[in-house]
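Here the structure is laid out as structure tokens; the discussion comes afterwards.
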Amino acid sequence: MAETGRLTIPTARRPWLHPVTALRIAIIAALLVAWEALAASGLLYRDVVPSLFAIGKALFNLLTVPDMPVHIDLDLRVVHIDWQLTLPAFYWHLYSTFYEIAVGMVIGCVSGIVVGIAVGGSQLLRRAYEPLIYYLGPCPKIIFFPVMIMWFGVGSGSKIAMGAISCFFPVALNVAGGMREIDQVLIRVGRSFRASTWQMVTKIYLPAMRHPLINGVRLGLGVCLIGTLLAETKLSNRGIGFLVIQAYSVFNMPLMYALLIALFVIAIGANALIGWLGGLDDIKSR
Amino acid sequence: MSMQAITRARWFPAVLGFGSFAAAILIIELLIRVGLINRFIVPMPSEIVRAFPRVIAEEHVLWRFLVTAAEALSASILVTVFGIAGGVLLYQFRLLRAATETWVAAVAAAPLVLIYPLYLVIFGRNATTIVMMGFTAGLAPVILKTLEGLAGTRRVLINVGRSFNLTRSQQFWKILFPAALPTIFVGMRLGLIFALINIVGVEFLINFGGLGQLINELAERYDLAGTYAAISFVILVSICVFLLTERLERWLRPVD
Amino acid sequence: MAALIQPSERLAVASPAGSILVVDNITKRFETPEGVVTAVENLSLSVASGEFLGVIGPSGCGKSTLFNIIGGLLDGYEGSVKVAGELVRGPHPSIGMIFQEESTFPWRTVLDNVAFPLEIAGMGRSERYDKAGHFVSLVGLDGFERRYPAELSGGMRQRVSMARTLAAQPKIMLMDEPFAALDEQTRLLLGDKVLQIQQELKQTTLIITHNITEAVQLSDRILVMTYRPGRLKRVVDIDLPRPRTSEIVSSEAFGRYVAQIWNDLREEASRGLRADEAAKRQGAPT
């Protein structure tokens, strides 16, 4: 006789560790073990693969050992602050690089947006100038560095210029492309309400192309980072790039690895941040 | 021809583009001659043009170009072999792909070229460093695009293969791989471009190699006109390579 | 009264109540790669204050050209357009346009969309949100102020566009196939809404459409256009009682009006088809 009644399906046992995560942990662990084995074996030239402990120590020292005197002198009328403290030099160099990148980004993005809107908005200008920007894009910008040094000196100016030039191209191209993609009816709505040019730009063009714009800024940040840091490695006396080359010149490998790790964490973090900011908007347009 | 007809003509935008560029050069020449722009910071365009033949003859530009090209070619071959292999590997092993695809994408967006001092230590100040740098920079796009091409094969094509009872190997070589080829070519082109940019850049930075080194040398010698001429030359080469690869890709890609 | 307009007659359509919109003998020609196309020829019409005028014609009769000319988005035509005596030389503050395509700003909430014209005009924040809110309820979207267009249906989005145009309180509402993207039931219901609003605000409205049911349902008078070059073929006074609702669609008088206009349209549409085929055979511009 057939069993009528409730059909019980055994609930699938959920693994306490997702297989993907497990594999990732396994890969990382394997790489670390292989690294340490290579370091201990002495197969390679002296410090080319330093032990993980040495790298960890260098990273720790880099971030925490104060070795740079800083004097803060603030007069705030109610209270006078006169601090003499020592900070890890890393943060001063980090600030220097950050400042150069920030200014370079602002210059590059603003000029990229202006040129992108101008070129993308007019059929004539687009066909005349977009190819110029498009074909100049894949050129390695670091080769302009000697010229930047001549024009802006050996200080921050030339690094900022490198960052700005690098950042300009992806932003301008993405904005120009974004202008082309804007739904024409939205432009007609703006015109039918007699919006001024500035209003058209701020209330219609920019919001309508926020996705290509964010992508352009993301790419721009990536290449600005590269341009600025490479310039620092070539000719500078401050900044993360300078620290890397300095570590190379004294063959302090653990320090170099530590710096590269710090650098990549920051770069990937900044990229993820912009991506996340851009993704916030997707909730609206779902 | 009326003004309106001229602005609408097919050749007008190109003329406008090049024309304004030429006009800008002329204005710069004028400003330098008049003294408004310091000629020790910006050499006269006419001087730069005159420097071209001198640089080409004295600095063995053709040989340098071949050096850079050889480096780029080596890097491209490495990138193609390992990139496609990597992409295929990730496609075949789904778990591996799920675990590492985002890592590869993150690496593709990271400022990899900053590793060059590390390569200097490992490989020394020679062509190997340059080629390895090109390889490192160009690898990720090829892996990602290969993966994208394979994974993006239309379901119906796969089903056609299954309906003919193809073996896994046949399915891969006769259906998946050919279907993915256009996207793979896009990846190879991206890989080549990334590699080239990094190769010329690193040549400049470590003062070794072909065209990149030329710019650095001329700059260190304070040969102003020569430096500008070399930079212009590299820009021209970069544009030509980019154009060529674009044409090549369009020619190789079958019409969808 | 339904008079057939001879090509030689021009301003035969003035109404006694005083015309707020006067379109005088406009002709618009376009230069295409294949030659000159006359979209609209010797077209004149006038709209009285508070009147609901429908302009109907077959596809390709120049309706959209007419819409863009009156709205001030198109120039380079012969003849003139006057609003309350003033010559129209660009988008006029007294004319509000509602477009055929989806035209809400996807990045703004419903309330922000409707407040757009007020924002452009420089109105302060609380004042314009107050006003905008009033128009949001007028179109029946109470409670949706904070939603984004992506969360609304097509019909609701068209209501947002309508509220936005109404918020500018134009003397004349100009609509180009506003319900083209909607299904028949939504059309009828939205038509009801439009009638209700128009009757409440005594809004002068000009609707351009190819849908006869819609035109007869909404209009006081209908102008039938010929196939390209678009001229006036017939004027039909719609003597259906007001206030109207969509129930009128099933009445006998309604059916007779529709049949009459359908006859005219069919004639023009088939003329158009034959002209197209003849032109294609000769390789001339269609």
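The letters A, B and C name the chains in turn, as written, and every chain counts its residues from 1.
In this text, a residue touches a chain if its C-beta (ideal position, glycine included) is under 8 Å from a C-beta of that chain, and two chains touch if they have at least 3 such contacts.
Being a predicted model, the structure only gives us computed values, none of them experimental.
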Residual chain groupings, excluding chain A and keeping positions: B | C
| item | value |
| --- | --- |
| Chain whose Cα centroid lies at the greatest distance from that of chain A | C |
| CA centroid of chain B to CA centroid of chain C, Å | 53 |
| Whole-Å gap between the CA centroids of chain A and chain B | 21 |
| Residue ranges of chain C in contact with chain A within the complex | 71-73, 90-91, 93, 96-97, 99, 101-103, 105-108, 116-117, 119-120, 148, 150-151, 164, 168 |
| For the chain B and chain A complex, residues of the former touching the latter | 7, 12-14, 16-17, 20-21, 41-42, 95-96, 98-100, 106, 109-111, 113-118, 120-122, 193, 196-198, 200-201, 204-205, 212, 215-216, 219, 224, 227-228, 231, 234-235, 238-239, 242-243 |
| Residues of chain A touching chain B in the complex | 19-20, 23-24, 27, 44, 48, 124, 126-129, 131-132, 135-136, 138-140, 142-147, 150-151, 222, 225-226, 229-230, 233-234, 241, 244-245, 247-248, 251, 253, 256-257, 260, 263-264, 267-268, 271 |
| Chain C-facing residues of chain A, complex | 183, 185-186, 188-189, 191-196, 199, 203-204, 207-208, 210, 281, 284-286 |
